[in-house]
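Two complexes come next, and they have one chain in common, chain A, joined by chain B in the first and chain C in the second.
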Partner chain A sequence: MSNYIPTIGIEVHVELKTKTKIFSNSTNGYGQMANSLTNVIDLGYPGTLPTLNKEVINLAIKAATVLNCNIRKEMHFDRKNYFYPDNSKNYQITQARTPIGYDGYVEIDDDGIKKKIYIEEMHIEEDTCKSTHRQDKTLLDFNRAGVPLIEIVTKPCIKSAKEAKLYLEKLKELLFYTDVSDCKMEEGSMRADANVSLRKNESDPFGTKAEIKNIGSISNVGLSIEKEIARQSKIYDEGGSIEPQTRRYDDKIGDTVLMRVKETGNDYRYFPEPDIPFVIITDDMIDNVVKTIPMLPEERKEKYIEKGILEANAIKLIQNRQLSDFINDLLEEDINFKIASNLLLGDISAYLNKEDKKLNETTLNKERFIELVNLMSNNTLTSKNLKEILEKIMTSDDTIENIMKESGVQNITDDSMIKDVVKKVIEANKESVDDYKAGHDRAIKYLMGQVMKETKGSVNPKMAMDILIEELK
Partner chain B sequence: MKYLNKNIEEIHELLKEKKIKPIDLVNEAFDNIESNKDLNAYITLNKEEAIKRAKELEDKEVDNILFGLPIALKDNIVTQGLKTTCGSHILENFIPLYDATIVDKINEKNMIIIGKTNMDEFAMGSSSRTSYFGAPKNPWNKNKICGGSSGGSAATIAARDLLFAIGSDTGGSIRQPASYTGIVGMKPTYGRISRYGLVAFASSLDQMGPMTKNVYENAILLNAISGHDEKDLTSANKDTEDFTRLIGKDVSGMKIAVPNYLMSDIVSEEIKDKIKETIKLLEDNNVTVDYIDVKYLENAMTLYQIIAMGEASSNLARFDGIRYGYSEENPKNIEDLYLETRGKGFGEEVKRRIMVGSYLLSGENAKTYYNKALSIRDDMRKEFKRVFDNYDLIIAPTTVTTAYDLTDPMDDPRKSFMDDILVIPVNMAGLPGLNVPVGFSKDHMPIGMQIIGNSFEEAKMYQLASFIEKKLNLELDPNGGEK
Partner chain C sequence: MEEKLSREEILHVANLARIKLTEEEIEKYRVQLKKLLNDVEKINEVEGYDNDILIAPWESNTTLREDSEGSMLDPKAVVENAPRHSGNYISVPVVIGESEGA
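Right, the complex of A and B next:
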């Protein structure tokens, strides 16, 4: 491959996690019976008018804030006019001239090198209906029509497939953590288009770009960009030129394929939507939204490491929002966070996966978790014993201590009791005692094993060892 | 016995005293409509449902002044289960799934919807002759137009079929036909009445309003149909008020402006003379009337064409044959479905306006025309505000001529807009405007005067209108002389 400099811009559509649609009170839902979440407004019936869902404005403010965008204080909606059956009014209500957010950035970390991916603008619009083509017929499902979207457009500042993927991962993490969207690419609640062009030198003007539409996963964004760079390089190498076109990524063949050659000068006849008055965004509105923004992943990671959690575990926690939120709630507590994170990512995660439950669907609350961590930290509860009583811990409201008692897994911490057992073991294993006294350190391990056997593993190992050494003197 | 030629208070008394029942009024209205059938005022009658409703009301208490009274709606107001055609082939068999907010309000008052009135197709026209169902005729002279686009509503009120009708006014479509037929027509302030369920022509200009035989009944109906509606973001958040409250109050001391342009030589001498007579009458009653210059009035027509056609081209895009309305059978492909459905479904005037509107919004044109028009419209609003800093009301003729012949040529699009040249500035500024009859031409066709108020000052307009109505005491029943 020859050396060309790729220029990549990414447009992402994100469905907002609102209860109702943007311009009507129909439910915003996924996977329901076709056309069951629609009303006369979504269907563009004559005489209907849009209302404006305030939740949408608040989520958009939130997104703009975490994407470091400026927020427009006075904005309006515009009509984008085009005929297509997925568009019930034959115009889409969007923001062409006054996007709610502009001039933002997302910082990515490319193997330790930080880079800002600049965001040109971020605007609000309505989703279209879903069309399914069956032979010569097209079926229309308007459940998606009017679902609120934000479209986030980067500047053409991305240089590689890897940067594109890092950007999307970061974007997804931010929007997911702020509850703006559930960001499920497989359900279409996050969709990406990539614009790719090549040029020979930095000083050259941008090359002609091809747009790859509706890519279904972040890894496919990476693959399709690589394939597109290869395709365009080959054309340039052979002395050809690129024509502006729209392509899509075909998962089966692992390459981009032509959808259509772009008609020049799409004319959407934009004009300000006369049915929706200007929206004024006050500082109070912004402040109220900013207050609801939870701790972002970057900060969480720093905090976790500060508290002694291993970096690998910190990253894993962030990837699991419910566990991360759970631990965030404990940050002010004086507990062993290393043990806490091991517990959450180990036995507790395994339990949740097996039972297909969420953490908040179990009885493990903050107080009982603290008790559990402390019992583990001071060796009162061994990991082995934990496994036996985990189910009870996750399903009963009782204290961990009581559960231990009832299940008979209480560690023997009574000195005299341990002493009795140790004496009994010494009595019965004269040979090993002699070996130990003769300097064979291995013998004590055997004796210790016997103590454990005698107590069915319920003795505090550290205490037992101390007593054993003492008795052997 | 006839009741519907009486005033509302008399009818209300009779209903309250159980001397008549709603069904008597409903039957009479349908009899009147039947005997005036040649006026072609209606597209659809709601006979069965209206009779049923009247019977239901017999058991109910007469709880308000509009109780049991028949009302006609312009056929661009959406009525659940009752055909709503907008005067167009494309909606010829369209039966809506929901009621407009104004219909809910009418039902709350226990009024009875009698039918849907004839109109220019999608309210685009000034003589109701673009209706797919043929033009309505003027009760004063059946060879003449009754104006438009709310021609059917004007005709049925002028003919005294019933007391109440609703029209819609985007660029004069209530006031101009009211003037041509000698009735009272009010286009309230933009936002006064919810537009939810009014099939949109030009969203930033459309407003419905009452059409009645006299001022008091007009104000009573406005009381019932106005008010804030959450379903319409452009509806004004105003407290309800009694629009009749100033009727009968002394007008002496009022200051009134007459814009010179609206009395210039674009208006026929006959009409100007009649307006001058009315001005004289006002001055004799201690009202100050000043002729003043108002900027931008001569631009209103151009602004209107840009804004109304631009918005219309987008509003009418939804009629594509996919979800409702006329649909071309067995189209070759989606493109063919659009072209054939819209090509056959819309009439010539509508198609012309869609094409011009699309052009005006196309590419850079949107900036050159539509955005520029919006900005001049703002200036125009400010100019009107300036006038109202010094004057209570503005008066002017409503039309430049009286109603003309149905057979006059329709091929001059400028002519159609000229019919509305005096009424359009009001829509551009979002102001309330009202027509009150002030006399007749030599060939005994009605002449109307327009009263323009500051935003949300409809009550003051009714005050002046009712004063003029009372002083002139005109015989406004077209059949009055024959009785």
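Right, the complex of A and C next:
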């Protein structure tokens, strides 16, 4: 346990889900052949001029809105000057002085305690080209150059690795649900940097911070912050002082390692980008974007719980957007949502995973799903029988009832039929009946098993059990 | 007014630009860069100076482009236009460390 109070700020870069790049009309894509998604603007050829993509502004407005930021109505871009091969113009176009969003927050839930993580600012910038370091050379792929990014910077208000992780999870959820970004950390479309400093008392000024760059997953953000707190605590304990520096998290050794001693902000010699005049954001533009924001995860969760879905399942549904969207479409229907959520998260998810399919690639539509849920709620279809016909349900357009008929998995829901079977079983298993009557509860399980065997599992277990208990009296 | 920049200032700027300077060049640029700076500083003498004019000296604002794809360059042509390439990649001397930007 550290004797110091950590102060953590997080910077997140998110690639925006546009068709084209921020300043050129070449394709914004991932995983394509190197240098196949470029034009003269992305390559920074002399004499080229940037043209600003409208969708970038729309997505940034959307992000600013869901992050509860104020939106700047008149903004401009700036050049950040630095020499490095990932940046052929020798400057990156960014927003240093007029970030599109400012003074926002994201609310996290830390074991039932709500806390606001304050956002200092959110600005738009272009991504750099991707460089791969080999032994004797560095290889450049400009497909990523000019991909639109937003950078979201928190205030130094995060107190622990856990809070940092909760913040990132929430941020990811919000940006993913609003289609601002696909937020794939493994593909680099969401990247996090953490600034960590320590101090002895709340009343002390902030300590010198170290920046951990480009952390590749949310869990590594947590681990690297913990390691960094430990590293700095040890230095302070030994009477040393912290140098401002940039570090990175090394997955293999599970610790942060030094990259370089930081250059200061002034060395970037920011100045306004003269090729892009002022950008004016009108109320109409904002209204049009706000209209497209779908129901957000927090509200979805509340609605699901209201409808009787268990909280754990509500959370699982939100983590799977296709399932959550599917359920959202049903919220006005009068169905058993507990069964509906169990179905989606259980058998249907298992089927989709096995077949590597998305829900909309199957034949299961809203109407047939409602039929399925109703058949299960009134015990016409047991979960055992469902497993047998699930593939047909997901691949044919027929009604569930017809599929049941054709597959011969009609459930026995007729009391008298079940009663006949139960009587037969009791007759044939006198010994177990005696055991049960002598107080051996386990015997009833055996009898129940016999009933299921006799009916080939096509009987509703709860109904059968009730009848069995009744008949044994 | 001092007519030269300091040696340290020149070396700092050279370092940011990732260039090496000879002793002769350092002395030459101490004078030349200072002269440039003095010239630029004359902007401060303009009456009614407004920061916004520096950002955009014209009245019209940015027109936004629709998000629709246009033509791209042949990757072969792209890499062959660079001094060195390796397969479909542009190749540059090995660099240590990570990007400053983004």
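General remarks:
By definition in this document, the second predicted complex is superposed on the first by the 405 of 473 C-alpha atoms of A that agree within 3 Å, B and C clash if a C-alpha of one lies under 4 Å from a C-alpha of the other, contacts with A are read in each partner's own complex, and residues count from 1 in each chain.
Note that in this section contacts are C-beta pairs under 8 Å (C-beta built on N, C-alpha and C of every residue); 3 or more make two chains touch, one makes a residue touch a chain.
The model shown is predicted, which means the values in this text are computed figures rather than measured ones.
In the superposition on chain A, A:L43 makes contact with both chain B and chain C.
Using the contact criterion defined above for the overlaid structures, shared-chain residue A:M376 touches neither chain B nor chain C, since it reaches no partner. In the superposed pair of complexes, A:I418 makes contact with neither chain B nor chain C.
Of the two partner chains placed by the overlay, chain B and chain C both lie in contact with A:L52. By the touch criterion stated above, A:Q135 is placed in contact with chain C alone, chain B being left untouched.
Within the superposed three-chain model, A:I10 lies out of touch with both chain B and chain C [touch as defined at top].
Touch criterion met: A:P272 reaches chain B and chain C at once. Once chain A of one complex is fitted onto chain A of the other, the partner contacts of A:F83 extend to both chain B and chain C. Once the two complexes are laid over each other on the shared chain, residue contacts for A:V451 go to neither chain B nor chain C.
Chain A has more of its residues touched by C than by the other of chain B and chain C. Chain A residues 40, 43, 51-52, 81, 83, 85, 138, 140, 267, 269, 272, 274, 276-277 lie at the interface with chain B in one structure and with chain C in the other. Taken together, the chain A residues at the contact with chain B in this complex read 40, 43-52, 79, 81, 83, 85, 88-91, 138, 140, 265, 267, 269-272, 274-277. Note for the complex: chain C touches chain A at residues 16-18, 52, 54-56, 58, 60-62, 64-73, 75, 78-79, 84, 86-95, 97-102. Within the complex formed with chain A, the chain B residues making contact are 77-78, 84, 86, 91, 94, 96-98, 100, 195-200, 202-204, 230-234, 310-311, 313-314, 317-320, 322-324, 334, 338, 358, 361-363, 366, 370-371, 374. Partner chain C is touched in their complex by these residues of chain A: 13, 18-20, 24-27, 33-40, 43, 51-57, 76, 80-87, 92, 94, 125-128, 131-142, 149, 213-214, 246, 248, 259-260, 263, 267-269, 272, 274, 276-280.
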